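Order of writing sets the chain letters: A, B, C and D. Residues in each chain are counted from 1.
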Amino acid sequence: MATVVPLAEAVAELVHDGESVAMEGFTHLIPYAAGHEIIRQGRRDLTLIRMTPDLLYDQMIGMGCARKLVFSWGGNPGVGSLHRFRDAVQNRWPAPLEIEEHSHAGIANAYVAGASGLPFAVLRGYRGTDLPAHTATIKPITCPFTGEELTAVPAINPDVAVVHAQRADRRGNVQLWGITGVQKEAVLAARRSLVTVEELVDELEPRPGAIVLPGWAITHVSEAPGGSHPSYSAGYSTRDNDFYLAWDEIGRDRETFVAWMKEHVL
Amino acid sequence: MTTDLGTDYTSDEMMTVAAARRLRDGQSCFVGIGLPSTAANLARRTNAPDLVLIYESGTIGAKPDLPPLSIGDGVLAETADAVVSVPEIFNYWLQPGRIDVGFLGAAQIDRFGNINTTVIGPYDDPKVRLPGAGGAPEIAASCREVTVIVRQSRRAFVERVDFVTSVGFGSGPGDRERLGLRGSGPRTVITDLGILEPDPVGCELVLTHLHPGVTLDQARAATGWELAAAPDLRETEPPTPDELAALRRLTGR
Amino acid sequence: MATVVPLAEAVAELVHDGESVAMEGFTHLIPYAAGHEIIRQGRRDLTLIRMTPDLLYDQMIGMGCARKLVFSWGGNPGVGSLHRFRDAVQNRWPAPLEIEEHSHAGIANAYVAGASGLPFAVLRGYRGTDLPAHTATIKPITCPFTGEELTAVPAINPDVAVVHAQRADRRGNVQLWGITGVQKEAVLAARRSLVTVEELVDELEPRPGAIVLPGWAITHVSEAPGGSHPSYSAGYSTRDNDFYLAWDEIGRDRETFVAWMKEHVL
Amino acid sequence: MTTDLGTDYTSDEMMTVAAARRLRDGQSCFVGIGLPSTAANLARRTNAPDLVLIYESGTIGAKPDLPPLSIGDGVLAETADAVVSVPEIFNYWLQPGRIDVGFLGAAQIDRFGNINTTVIGPYDDPKVRLPGAGGAPEIAASCREVTVIVRQSRRAFVERVDFVTSVGFGSGPGDRERLGLRGSGPRTVITDLGILEPDPVGCELVLTHLHPGVTLDQARAATGWELAAAPDLRETEPPTPDELAALRRLTGR
């Protein structure tokens, strides 16, 4: 059964230097509050896993939390590049960043395998692209019935998964709705998990489009109202598209970036 | 609406209108972000009101009032016929080949329609690190056909992409079949200068349309390979006043 | 886009002798009305696919529609045996019945592969059991990353899938809620599909726990109020447990069975 | 409630109560239909109010007032914490080994706890065709431990099952590991006569408890192999009045 604890305590207990951390949320429900807490606690050498690194991992990479990034699309959606991610890859600033690069379909299926207790997943993917030449975790596999060659990716089983959701009850049952992305898979694939929520409620009222993650499948729940900003939590907030546009300037320059982080996060 | 609206448009507007026209009513369209999203949303307001918009965030049949900034804006989920998980959108909807059209952008595209959105320069020591693959490799593999929207320049239209993120026709005829890719590949590349389509025999992209006011020499100067023109090279119909008005309502211009 | 047509017409157009037909609905939403229409139209030599054959396939087998059964649990849930199924397997009455036998996990994953456009699925299943010795569609597969041996089953891609749902709108978008079983997978795996519904409505009002199958992924929709009886349609009816208990007697004897079918179905 | 309630119970009631007692509060339990479902529902009303009931129909955390007839009765979905698809319940919830206890029935069970629910007699020419596997093979493989509930008789307790539908300990020590089965197998077999548990060395089921009034000879007479008794063979605690009252409220007796 998930226990409800303050965010700083949950992060201190669950996220350790050198571990693999998956923070998911596909455009929607990105766990910024938790990521900022990881930055404040000065975690280092993390393997950060996320389909779309978004501004969150741009910030974590720029603040030196990461040793490695596993991802499938590292941009500022609809705006352009993630400059801290680019600076790390192109110029090793503030530290070298190893990358393990996939497609969305590949990572999504790797999480599915992880959540399913399987060592690998099969997909029609990557064939003919240059990704397999650079990513060791993409291999061919042959159908035992038809002989057709397809692609396999190994399961992702992070040490910790962190996601944001709209609500939890006091027993740690979590409810989320809208675009739910790959969050269920990330939580179920992980050894430990933290769900930050907009609101703790006495009772989870059923809602159209909502999924529920039972508390017994989660380690900790923490209240973090507004914790998905500048992403959004459907029913609570809207996406701060202006901030995403503004980040292009903030993130472009190392000093501007560090100053912004000092003022707003540290 | 004034009568000179028909000639007062930008090359990006021509590109978006030309892309929107390629979509037929009732089709399903897997939409990439940016130019593809604007074009698909324009089509829904003009020639294809029942176009089914599918975004990789898991929204099926989204009906946004304005093109979203991201592929996961709240309006997509609120207006969708169904919202499914990200694994499901790729596995159940994209992968089996049930989606008619994939709409993609590109940083580089080569003469065989292969797309690069990963790196400029060597992978391990890139000149420019681009966002990467996202949903594109499997969109390019599995949609019944693919439309690419990209501004034409020598930087973007190259003999051979630095990195194959998404396969067009590989190194030529038979490659898609050999790789087991189910869709028919990039049938249309729409630029700010014209429209390219693959030669049915050699799979090489050739110019089939020039937008009004653009010359063949201009298109060739913006292409990094010896660009061939189709024997029946035509001029694109300029945007109609209705198309332009609808587009500008979308983009807020 | 699905077209809305009368049930008899939909069955006549979609279900042909000798084809494979998957009728799904896990205890809930079993498409009885459609199955009875198939019986009335005298279809023969069908390969019937269904995780839990239930009374529906007991009736179809007993009426001679089936040449082969692909299944994972052939009982009367909570009651006992399916006597017509047993009579076909043990005594070839009214016709020999070939069987292809799986576990629930195996068939569920075979549908997932079918819906996903993959030729096979991988699972931790069947190992050590006697099923692989009798079912040719169960094979070992080795993980290309860990070397671990797992199990593969080939995709199920039926000629036709038939399911029952609560509602559809006039464009053929289908909404179902409660226990939704493997219905989405069956429809998406099939070449053609028929969804019978309790009710046609102008607008599908969002509902907690509901999933929507878009009309463009379905061939035909037919109105069939009460069409899941003696199974049930949450929000419209409850399971007729008395009928399930009574079937044990009706189905036990060939003559009683035929008389019942003549009176209630033909 | 009269004082002689404690002795006025059937052997099935004793079996169900003994099974319910094996469940600990807060555990998750994948419930087969019939006797297992009654026992799990009894546990939720007695010693394990926060037991998480999981049915293969996809209902997680169901809280039925009465044991359902089928594993998909409406009350399961209406009272569940979450309802998921059938593929999801097997793949995301059962397969990774995150469920504590699997509760299964059996038509035949052998000395190594292997279960048959498929056929009596040869597969291709069966004497009795049984329902088949359902969810059982993977429940038996993947739950952290398995409890089997089955009435004891020579017909059911056989030297070797006619068909291995669900693996217990295979042909003995090391087999589960060799097969890659993740759960620890059938730790408890509860019958109307007593309780059997696997010998930790040889994996053979041995009698550890006799229900009140049952003799070792009776248990042996109802077993198709040389049934060993544990050195510390004990008598099961009879049902308490509270247990019996709760059970009878459930079964309507």
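One rule holds for everything that comes next: a contact is a pair of C-beta atoms (placed from the backbone, for glycine too) under 8 Å apart; a residue touches a chain by one contact, two chains touch by 3 or more.
Protein identities per chain, from UniProt: A, C = Glutaconate CoA-transferase subunit A; B, D = Glutaconate CoA-transferase subunit B.
All of these numbers come straight from a predicted model, not from anything done at the bench.
Any chain touching subunit C that also touches subunit D appears here: A.
Between A-B and B-C, more C-beta contact pairs are found at A-B. One simple way to say how far apart two chains are is to compare their mean CA positions; for subunit A and subunit B this gives 28 Å. Subunit B and subunit C, compared by their mean Cα positions, are separated by 40 Å. Each chain gets a centre from the mean of its Cα atoms; for subunit B and subunit D, those two points are 58 Å apart. In subunit D, the residues touching two or more other chains are 91, 95, 142, 182. Each of residues 112, 117-118, 123-124, 148, 150, 184-185, 209 in subunit C touches at least two other chains.
All chain pairs in contact, by the document's touch criterion: A-B, A-C, A-D, B-C, C-D.
Subunit A contributes residues 1, 112, 115-118, 173, 184-185, 188, 211-214, 216-217 to its touches with subunit D in the complex. Residues of subunit B that touch subunit C in their complex: 26, 28, 50, 52, 60-61, 81-82, 91-92, 95-98, 142, 182. Within the complex formed with subunit C, the subunit D residues making contact are 33-34, 56-59, 68-74, 76-78, 83, 85-87, 90-91, 94-95, 118, 123-124, 126-138, 141-142, 163-167, 170, 175-176, 179-182.
Across the complex, subunit C meets subunit A through its residues 117-124, 137, 139-141, 143-146, 148, 150, 152, 154, 206-210. Interface residues of subunit A facing subunit B in the complex, by the touch rule stated above, are 26-28, 51-52, 71-75, 77-79, 81-82, 85-86, 89-90, 101-105, 108-109, 111-112, 123-131, 134, 148-150, 178-182, 184-185, 209, 232, 234, 238-239, 241, 244.
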